[in-house]
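Down below is the structure, laid out as structure tokens.
Labels run A, B, C and D following the written order; every chain starts at residue 1.
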Amino acid sequence: MQPPWSVTEPVQAYRTVRERTEQLAAPLGPEDQVVQSMPDASPTKWHRAHTTWFFEEFLLGAGVAGTDPSYRFLFNSYYEAVGPRQARADRGLLTRPTVAEVAAYRTCVDEAVTALLEGGPHPLLELGLHHEEQHQELLLMDVAHLFSVHPLRPAYAADGPHPTASTGSAGWIDADGGTVEVGHAGSGFAFDNEGPRHEVLLRPYRLADRPVTCGEWCEFVDDGGYVRPELWLSDGWGEVRTRGWEAPAYWRRLDGDWHVTTLGGERRVVGDEPVVHVSYYEADAFARWRGARLPTEFEWEAVAAARWDDPREQWHGSVWQWTASAYLPYPGFRPAAGAVGEYNGKFMVNQHVLRGGCCATPPGHSRPTYRNFFHPEARWAFSGLRLATDR
Amino acid sequence: MQPPWSVTEPVQAYRTVRERTEQLAAPLGPEDQVVQSMPDASPTKWHRAHTTWFFEEFLLGAGVAGTDPSYRFLFNSYYEAVGPRQARADRGLLTRPTVAEVAAYRTCVDEAVTALLEGGPHPLLELGLHHEEQHQELLLMDVAHLFSVHPLRPAYAADGPHPTASTGSAGWIDADGGTVEVGHAGSGFAFDNEGPRHEVLLRPYRLADRPVTCGEWCEFVDDGGYVRPELWLSDGWGEVRTRGWEAPAYWRRLDGDWHVTTLGGERRVVGDEPVVHVSYYEADAFARWRGARLPTEFEWEAVAAARWDDPREQWHGSVWQWTASAYLPYPGFRPAAGAVGEYNGKFMVNQHVLRGGCCATPPGHSRPTYRNFFHPEARWAFSGLRLATDR
Amino acid sequence: MQPPWSVTEPVQAYRTVRERTEQLAAPLGPEDQVVQSMPDASPTKWHRAHTTWFFEEFLLGAGVAGTDPSYRFLFNSYYEAVGPRQARADRGLLTRPTVAEVAAYRTCVDEAVTALLEGGPHPLLELGLHHEEQHQELLLMDVAHLFSVHPLRPAYAADGPHPTASTGSAGWIDADGGTVEVGHAGSGFAFDNEGPRHEVLLRPYRLADRPVTCGEWCEFVDDGGYVRPELWLSDGWGEVRTRGWEAPAYWRRLDGDWHVTTLGGERRVVGDEPVVHVSYYEADAFARWRGARLPTEFEWEAVAAARWDDPREQWHGSVWQWTASAYLPYPGFRPAAGAVGEYNGKFMVNQHVLRGGCCATPPGHSRPTYRNFFHPEARWAFSGLRLATDR
Amino acid sequence: MQPPWSVTEPVQAYRTVRERTEQLAAPLGPEDQVVQSMPDASPTKWHRAHTTWFFEEFLLGAGVAGTDPSYRFLFNSYYEAVGPRQARADRGLLTRPTVAEVAAYRTCVDEAVTALLEGGPHPLLELGLHHEEQHQELLLMDVAHLFSVHPLRPAYAADGPHPTASTGSAGWIDADGGTVEVGHAGSGFAFDNEGPRHEVLLRPYRLADRPVTCGEWCEFVDDGGYVRPELWLSDGWGEVRTRGWEAPAYWRRLDGDWHVTTLGGERRVVGDEPVVHVSYYEADAFARWRGARLPTEFEWEAVAAARWDDPREQWHGSVWQWTASAYLPYPGFRPAAGAVGEYNGKFMVNQHVLRGGCCATPPGHSRPTYRNFFHPEARWAFSGLRLATDR
């Protein structure tokens, strides 16, 4: 799928991306936009302001006329080189600036950036747009979490993003392995963590031709998946016991049937839909239960690169897919100089790579080399899995 | 001071109290009204809805036409007899109903209550009005906390409630003690925890003729008040060390001067104003430092009852005053039957009594027998102290 | 009951108390004596060393020949005036000095104290002996806790202290109340917190003629005592839910019967024995369930003083009895000057008073004015209750 | 270095390993052997019993005559397939069985195993011996931690294990990379996590010819290593701030000089000794500060395999060396069937691999394919680092 914008038309690209954020926020009132439902999630208002700050800080330089100097503190996410900032877990305390003031901030920066781009391209524009697209997805994830912990489970929108049902039962795709090139190369945009492109050695393996479905997950649950320690990594079993997991996040039984809270509200679990909101631990345990395993990120990429747009196989657009690979730098990886060098590299520990892209990912945002990453216990992303085996 | 309403005119009383709540909420936008800044504080919106629920539940009976049945869950505070409820620490997750929907809920219940009262008095009206007045004060306290943890320290209102400066230096009021009657009796309204009226024996003692001021507190700080363990109760010293206390809550040094964040914004500490936002531990340590002590609640009441409206002595209207008395039932205390019996009695442990009334207390709400209570580490109330000594 | 020693014979008194500590430690091996089973409990070895340090510090002066200067740090409990000390929760990290070295420390200090006392009386001897007796009881309580959390529930000693069974069913003792003198006066020893003696006013009331028994507690359990929130203080109900309480500490059901772990090992609960290891919250809830209440400490003392040695009524020697009174200073209370002034006063907040004395209290140690105190959630003392009602 | 035993002489091998454990425990009294100084560390007594239980359970079968059936609960470490067990964090509550009883347990099992082995070899003997050797190292690590948190910092033994000083300044070893075989193959013993042997692709790189020294670490400290966020992974910087790290574990400044607590007691830091007790985060930050990086475990292995016994290069025998590799299964890895399959596989998440072997590792225990692993914040192992760079 192609993105609906191209950096070769910078002003239009900028407007397209920025307007999409506003559209995503539109169903949410001020109350919905300010609350932080857990330390890892951010308020919608904060996403809208932070993405704006990114353009101000890195394209315009801090101190754009009409903006508030305090925003440099309030809306810096984690850039140590920029300076001190509001603690991540305390973003929900920022009732000011109001939603309307954040909208005005967006307008003010939009005008300045547009003026800048009318004068010519900017080297960090593309990064800023992809950055904003990442926050578009985070915004949806965070809203889904917010509404999942509300006792009434309100809907974000009747047609809110949701994984598409699969079209058939899973078969295997055979791959020969061998020496394979992975990682990004070439002229298109990629984040720094996707490179350098390099060779890896793979053994022969198989990948499932679609993600695991909710129906298959119900079998796992019914077969004692959440009560059999032998299926789990030790840390995963600890989470199961401590947190009382007995199904994916946002699932609960009502009148004997599993229901799931989605961005469209709560409804019955549909067997053909890919399972989502599972942690790495659950994905790993499911795979073991099935006598399979999770693929490495390179096994995943080697096959996906050649079949990226086959919709029956759901490589992207439906669920992020946990891989067996820890999130680590590629050989020869070097972060960029300056503050933007903090973008990815400093998070390369304690996380696992997910590949693909989900229903909440902006169209065209992902690619076969894209590396998403979360802690192994995280469940609020649209995270599912695809099985692999040795041949 | 007289309250601006009388229960002998029920409709007018109801409207007066209800409108005052709305006036207090008026300076706050939807963002300000939904966020919960700590587990002990509640969002403004929740206060507005909970006080409404109280009238619905106890005067009208749950299920008033036009209201949402879920509100019985969302806005029940702690009444086990009513049923399950949103956990206190999670009130800030309730982005829905919106502020506008809560306003509509208020209107709907107001109409039904007004209709009810036009048919005659209701035995729980007065309790409901005093209950709402308590939440008016909580609303202001909670907003003060919310804005105190915002890095920009916004003002609630330029003329937000603040303790009035004292008019002179403190002298002592001598009291003979002996057998004294304390507690509420008679026909006026009082909460159940103010009775039964009973006799207590007091030794001769002295009470200061005004609360401790910020200027005196600065002397305490300068004399090492927060670094000398011998001044403190053991649990209090633990709080000092764990939480890094070095002055009252909402104080910080800027350019060498103590500043305080008030409902009117941040400004220099004024020496003649009563100190406020101190914990029981701090009040107790200050008294020890001064070679004095805190009065018991009965010592306080015995003097205050006779001098209640002497404004130079600030018995009420400025700061709540910590007493040495633990919050316990009076001899012969019996909670009311039914859910309203949970109003006070079940909190009678682990807290200390404060007497008086503060700048955020609705006019006429307090009286000499009034018993306020907080945990000894609490600092977000407008809590100060008045010294006592033996004679 | 008389204590087995008298301060009029100081050397003999000293030896008697010191030897009793050693006898209590005798059934315990080095492993048992070094482990700390929870932050509030101390290792036996630490009790043996700390009581010795008390004599060294306050009678001899720190630095007795043959002792280790580090002990002043290791075995100071909470005396800020003496200097820094091992954190309370970290006493279990002190594998050195060994149990044998602590025994040698005791011998060394014993010789020096004995020599001192042979030269004449010392004003702090009596305090030191009562202090050591308090630690004798703590030693047993702490061992009981240590063995209760061992999966095999070992016995301290077959005949370890245990509350004596009651001899009959409970009746009421009528008391007229009125102006009553309470608190210690006269020449006998008392802790500072027992005075000054003063008058209090009491209403007519009744006290049960014996403590509540295990059989009665079983009725409470069977009647839903631990699942009915209306019986509980709010903080108590929180503990029930958070900690999963469903019976007194050290109780569990085995094959359908309640068993209790005692210092003599685990055995069936005996209906006629006083219940023990209940928190203030449980005591309060039980009383409410029975339509009664807990007595104040003064109601308790006024009756107990006149009947102290009636064994059928178990005023002491069996269980400590929770009272409704918060632990606060008496009117006119002043701590002693110097470090020993930290003995009691600085703990006068957040606790409730227990009266009486238990099976683990040294003979003759307690008296009718004795004030024991624990936090309301504490259960590892031999804490039970006696009911009261208004007349 | 060769191990001092061979499985071809099973009885002698068994005795050799078992006696070494006893020798390691010999300097420790019962008090030292029972205390658990943190949840991740185990008491010496527990190590002695658990290694014995391993032989009982897996060679003899539970229920050897003369042993106590409760030991199956008490001394099972983490084998879900064997059954329930004492929680890891509660091993320090086990004052019983005593040290002497554990010694008797060892003797009893030793006799039965010896008798078994006299009848012929056993397939799990070798695993049991390597397992016990691992616990020999853990015993020393855990004792080092125990004594490090004792305020007097006692010595385990004057000649306790300590990293050997390096003989010269670091140079680089060039490696060509390419397709390299890694992992264990062949007839010698290896743990399951060391295989299957497989090929990996490596780029040209360099490895330092010795580990980083304390002198170099002091330069890092002096250059602001612990106060410059740009040097750290985000999670690592969080640890620095939260835990107040400013040097390796067990270091502190005394009179201006860095001192370190070792198994031989506290003494000045020696510049030529390899640094030890650093976390992965610190190792990673140090490498970044030096313009280098950590090697992957395969880069490390490829060079070490050819130079294993060059003592100037300290591949083993001095410090474990953090690698950039997350601890994950090798391609084709399958745990063994049955309970012993829980040995390694279920821990393959959230940890990083260390290679080499340290001063506390039993002689001959390690090999070039050996994979040790710890969480990235762990510092109580003898963990250091060796630098790498790209060529």
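Quick note on the criterion: contacts are C-beta pairs under 8 Å (C-beta built on N, C-alpha and C of every residue); 3 or more make two chains touch, one makes a residue touch a chain.
These numbers were taken from a predicted model, which means no experiment stands behind them.
For the pair chain A and chain D, there is no chain touching both partners. At the interface between chain B and chain C, two copies of one sequence, more than half of the residue numbers in use appear on both sides, so the contact is built from largely the same positions. Farthest chain from chain D, judged by C-alpha centroids: B.
Computed from the mean C-alpha positions, the centre of chain C lies at a distance of 45 Å from the centre of chain D.
Chain A and chain C have Cα centroids separated by 57 Å. Each chain gets a centre from the mean of its Cα atoms; for chain B and chain C, those two points are 37 Å apart.
Multi-chain contact residues of chain C (touching two or more other chains): none found. Shown here, the protein chains touch around one cycle, each chain meeting exactly two partners.
Counting only pairs that meet the touch rule, the chains in contact are A-B, A-D, B-C, C-D. By the touch criterion given at the top, residues 78, 80-81, 179, 198-201, 203, 229-230, 232-237, 280-281, 284, 324-326, 328-329, 331-332, 342, 346-350, 352, 376, 390 of chain D touch chain A in their complex. Listed in rising order, the residues of chain C touching chain D in the complex are 29-35, 37, 45, 70, 73-74, 86, 90, 92-96, 98-99, 146, 149-152, 154.
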